[in-house]
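First chain A sits with chain B, and in the next complex the same chain sits with chain C.
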Partner chain A sequence: MGRRVFFEAARTLVAIGAAFVLALIIIYSVSDDPGFALYHFVVAPLRTTRYIGNILEMAIPLIFTGLAMSMMFTAKQFNLGAEGGFFIGAVAATAVAISFDMPPVVLPFFAILAGGLAGGLGSTVPAVLKAKLNASELVSSLMLNFILFWFGIFLINNYFRDEMAGAMASHRLNPDARLIRILPGTRLHFGIIIAILFVVLVYLFLFRTRWGYALRMTGQNIKFAEYSGINTTAVIIYSQIIGGFLAGIGGAVELLGMYSRFTWFQSPGYGWDGVIVAIMARNNPLLIPVFAVFLGYLRIGADVMARFSDVPSEVVAIIQGIMIMLVTAERLLSGWRHRVVVKEQMKLEQLKNGGVNHG
Partner chain B sequence: MEVSLEIMEEILSMKGITKVYPNGVMANKNVDFSVRKGEIHAIMGENGAGKSTLMKILFGMEQPEEGEIIFKGEKINISSPSAAINYGIGMVHQHFMLVPSLTVAENLVIGIEPKKNNVFFDYDQAIKMTEEVSKKYNLSINPKAVVDTLAVGKKQKIEILKALVRGAEILILDEPTAVLTPQETKELFEELINLKNQGFTIIFISHKLKEVKQITDRLTILRNGRSMGVHETKDTSEQEISNLMVGRDVLLKVDKGEAKVGKPVLKTEKLTYYSDEDKPVVNKVDLEIKKGQILGIAGVEGNGQGELVDLLTGMKTPYSGSIWINEKDTTNHSVKAVRNLKVSHIPEDRMIYGVSGDGSIEENIISDRFDKKKYNTGVLMNVKKLTELAKSLIEDYNIRCASEKQQVRMLSGGNIQKVVVAREFSSEPELIIANQPTRGVDVGSTEFIRKQLVKLRDEGTAVLLVSADLNEVMELSDSLMVMYEGEIVAYFEDATEVTEMELGMYMLGLKRMSVEELGGVMSG
Partner chain C sequence: MGSLFNLIFSTTFGYSVLRVTTPILFATIGAMISIKAGVVNISMEGTMLTAALTAVVISGYTGSALAGLIGAILIGMLLGLMLAYFALNLKTNIILAAIAINLMASGGTIFALFVISGDRGISSSINSQMLPRIIIPVLDSIPVLGGIFSNHNILTYVSLISVFFVYVLLYKTPLGLRIRAVGENPNAAESVGINVRKVQYIALIMSGAFAGFGGAYMSMGYVSRFSTDMTAGRGFIALAAEALGMGRPLGILLASLLFGAADALSNSLQRFRIPSEFVQMLPYIVTILGLIIYAVRQTNASKRHKAEDRV
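And now, the complex of A and B:
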């Protein structure tokens, strides 16, 4: 157990390290002043409260979509619907925040709940199709992302659009619905607390409740789960609904924390980032915030670098891609691992033999 | 190592072989092994003793960490199975590697196909080749038969011929009799002796003492990855071999008192299940098991036993006919509903159904009861209680492991089976359905599992035992049935009154009881 965790951690670190080396090479080849660019990429984001605030606020939606994906991946359901769930969650929160008048704490609560329900409702479609008709959730969830996106746009355009606003945007959200800022000088909002709360909840759900146990066993070996009497059809459905619910909450929190109107006419892509975060965290809910912050740091670093130096931020997208490929490469370091294991066993063997007399 | 004074040609030797698997298991520790030309040499040992690993190294499927292989006086490096074949080493695996839809001749020449004009496959030539080798080595087989239609014994013959056609001088047979009926085993042994007389060297992996005594010249025993020396078979008794294999005296007989039979626990009527190919794989099966009784089902594998178990446990639905458990109609009920009636199930394939290899021992041991009130407080599971349960079962069932958090995949086969058994036997079952409970399990664990089964039966549990191991069903069962092509073809109220050979006749479909005979005994 310990050894496994060690090698997984080592593999992740090596992957990140290798990607950084590659980043160095790219930066050195495209930049006239690579030292300057590198400084803004790596060091600058950590030097001001504002940038640190930026990193953390970027991490909030990543935590939610990361949790959503890890919930579904743990059950071995390759539902990629977090993108659509996130978007429709934000739309639902907008609807509630515009339409209702409630006291400050109550309104955001209901707006976020509405976001979660919308996301959960959305992912019910691929979940039920998988459970009842054995339709691939991968395909149906990808298709569903389009449906949810255009359905959201339709709702905003036809029911919540502010004709007075110059660009396409919804009416102003009820100020009581917005999440409070918690770090002066930054836009970091209360959503970070909600995110951490959900990290703990998801962890407890997966590792401390019978439904979480059933979900994990179904993911590990569905035939074993069926043989044990676990209702795997139910797991297939509820794992995806909860995943959609988490993504929807993420969308709602992001909207209420960062915006005064709904202005997305392009899906923000946090659902895909959630896949990256979940893979890097190996679906461990407790590691999700770590890698969400790390990805946020990379993004902000890229932004800062692009703003101050001559290296475009697209370089960072390439680096991310490389990192994911390396992290998911199961065989990476397997040779090293094998040698360590062999050495360990040989030593154990010698110890054992040392105590025994050979005839 | 013993030094033999006889000067016989040592055709192959392996020296100081050490192999460590990526999961840290040291399967071979400084193992020496050698065979002489023209002998039948057994490799014996419990499961996990390292027999298969040693042979996989010899056949180029695994690379050792240390050690060398010397073939005909020369040090060689066997990097792959094809390299092994080039050296004249052939292997017959336990699971045949044949293309079922092709004919015998086609299978035989795969990879070395004779060609017409160097381009087109020459089927007539392939048939001729097959006829030639089959005559030469006295292994009769019809070259034009489609493999799928052949019995297991014939398929094995093709595998042996495949190795011979490719020029094998040394044949490795991995537990060749595990899948055979007594008659087929007899035939195989005659053929092997015939091959030996023609100068072939045969390495025979087995843990069946009787067979090894019967057919081999020498034997090498492995225990816990180490060689326990080479022995002349005729000078070594079964008891000695068994002592060397497990390092203590193993009861070869099961101590079992008279059955104290009570009311019926399981009853089925005209149980029928059709396969995807629309064949009745379970055909009108009537059976009854009473409290405190072990009913054995013998049969060559693939005659519907597996499906029968799946129906009884709710793993396969829907089916026709009916099942009653403790007088409750459970026809087409789910696994959960069946388990709730205190039915335990030891599945045939432990790695696929019995455990989640990625899960910990604890996670695996609680899978049938994690949702019971006893182990939950509100929405949360009582983790402390579950851990305690796992710890005490590990102790009671003597599961050798680092801790209850250890991944099940890291355990040896016997210990994995003990995890399954610990879970299934500790739930106070009224009916146990045990499908191959000791398959691929070492002698020590086998003995333990059998004893536990008998103990539960003595305490009043009804047991359905399905096993391909004839000795096991005959030793353990109070009553015995034989399944052939989905049907019950024989029933013996008293399992002790039937001989192995007689069972074999029923298993192969050479004999069957009339409906009256079956009905007569069953209602009696």
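And now, the complex of A and C:
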């Protein structure tokens, strides 16, 4: 067990290292002043409270979508619907935050709950299609992302749009619905605490409940799980619904924490980022926040670099891609791992033989 | 409703169906070849996008649309090769590797466009070329048919011919037999001496080449420029079209046309008093419906098989 973790960690480090080498090559080949650009990419984001606040506030949505994806990946469900779930969750939270008048704490609670329910309801479609008809959840969830996006835009445009606002935007959210800021000098909001709470909840669910056990068993070997009496159809459904629920909560928290109106007329892409975070964290809920912060750091670094130098921030897309490919490359370092295992085994054999000779 | 009827049964609508089907059809053919070999390529979206940019850049700098097309096909094959290397040699889960390619393509094209031309998001400063339209001599003068089938971009005809090509390839050649054998049962294929990995490499590279065609059409035929995320999910729709067409050449042609029609309808329906958001959703809703129909048929078929087995 320990060795497996060691090699997984080594592979992650190699992947991150390789991605950074590639980033170096790209920055050096496109920039007139690569040292300056690199400084703003790597060092500058860690030097001011404001940037650190930016990194942490960016990590919040990534934690939620990362948890959502890891929940579904753990059950081996390739549902890529966190993108749509996140978006519709934010729309639902907007609807509640504009329409209702409730005291603080209560209003955001209901708005976030609405977001979660909307996300969960959305992912019911691919879940049920997969469980009942064996239709590919991959394709249906991808299609659903587009449908939820346009449905969300429809709701905002027709029911919550502020005609007075210059650009396309919803009415102002009820201030009581907004999440409070918790770090002076930054925009870091209470959502980070909700996010950590959900990290713990997801961990407890997966590793301390019967449902979580069934979910993990189904992911490891669905046939075996079925023969052991686990209701795998139920797992297929609830793993995806919980995933959509988590993504929806993420959208709601992001909206209530960072915005005073709904202004997304392009999907913000956090669902796909959740895939990256879940893969880097090997679907381990406790590692999700670590890699969410890491990805946030890369993003903020790239933004800072783009602002001050001549390297566009999209360089980070290339870095992410390489990281995903290498982290999940099972063969990477497998030769090394194999040699280590063989060597240990031989040592063990020798010891055993030695023991026999003595006796 | 009468005007809607008139719209659908007009030559312009027929023409635009073929026009918007072309990229979907290319991507679907590519997806089908990969799926037939048992290695689903869901990076069609990102590959098409990368190819679309490549076509614009190369045709802009060489002044030759043909060079742009060749560049697009080559970059498509290269991405197919990359996916194959990661999935087959490094044992990366092929779906995750393809997601990585899609993510890289989405940001990487913006990055590359900016570095190459200084443009942000739209290739306005590159003087890229268009692939020619073709007027088919006799057909063009026939009233309705001419209006629907003539005067299309050359790649529209290539896409239709490709359906026939892929039929011959898969069902009439030794390579096609190997591709299908590998997809059906890799162990059995291996046991009769087929090099499974090599066949899967070839299939993924070919699927990339078709994505390259689709990308070139997007930026040198459908429109005359590159713009951010211009493929807009067509690479994903291709997966659904493949499923709906049940992996048969004629089936995927009809399925692609169906999605093309939904897409064309969504373009034309904007004139009617239907909320534009619902019109935008249409192709994706049709896709899910298609998926359901396909899945129901599959389930019924397997139930029948089981029933027959019992007898």
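Heads up, the rule we're going with is that the second predicted complex is superposed on the first by the 354 of 359 C-alpha atoms of A that agree within 3 Å, B and C clash if a C-alpha of one lies under 4 Å from a C-alpha of the other, contacts with A are read in each partner's own complex, and residues count from 1 in each chain.
Going forward, contacts are C-beta pairs under 8 Å (C-beta built on N, C-alpha and C of every residue); 3 or more make two chains touch, one makes a residue touch a chain.
These numbers were taken from a predicted model, which means no experiment stands behind them.
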Which of chain B and chain C A:Ala18 touches, first, second, both or neither: neither
Partner contacting more residues of chain A (chain B vs chain C): C
Touching partner for A:Met102 - first (chain B), second (chain C), both, neither: neither
Which of chain B and chain C A:Lys223 touches, first, second, both or neither: first
Which of chain B and chain C A:Ser136 touches, first, second, both or neither: second
Touching partner for A:Trp272 - first (chain B), second (chain C), both, neither: second
Touched partner set for A:Arg337, first chain B, second chain C, both or neither: first
Contacts of A:Arg208 with chain B and chain C, given as first, second, both or neither: first
A:Phe146 touches, of chain B and chain C: first, second, both or neither? second
Chain B-facing residues of chain A, complex: 1, 3-4, 204, 208-210, 213-214, 216-217, 220-221, 223-231, 334, 337-338, 341-342, 344-346, 349
Residues of chain B that touch chain A when the two form their complex: 18, 20, 22-24, 26, 29, 65, 313, 315, 334-336, 339, 345, 347, 352-360, 363, 366-368, 370-371, 376, 379-381, 383, 405-407
Chain A contact footprint on chain C (complex, rising order): 42, 86, 89-93, 95-97, 99-101, 103-104, 106-108, 110-111, 114-115, 233, 236-237, 239-240, 243, 275, 277-278, 280-281, 284-285, 287-288, 291-292, 294-296, 298-299
Touch list for chain A against partner chain C, complex: 30, 78, 80, 125, 129, 133-136, 138-140, 142-144, 146-147, 150-151, 153-154, 157-158, 272, 275-276, 279, 312, 314-318, 320-322, 324-326, 328-332
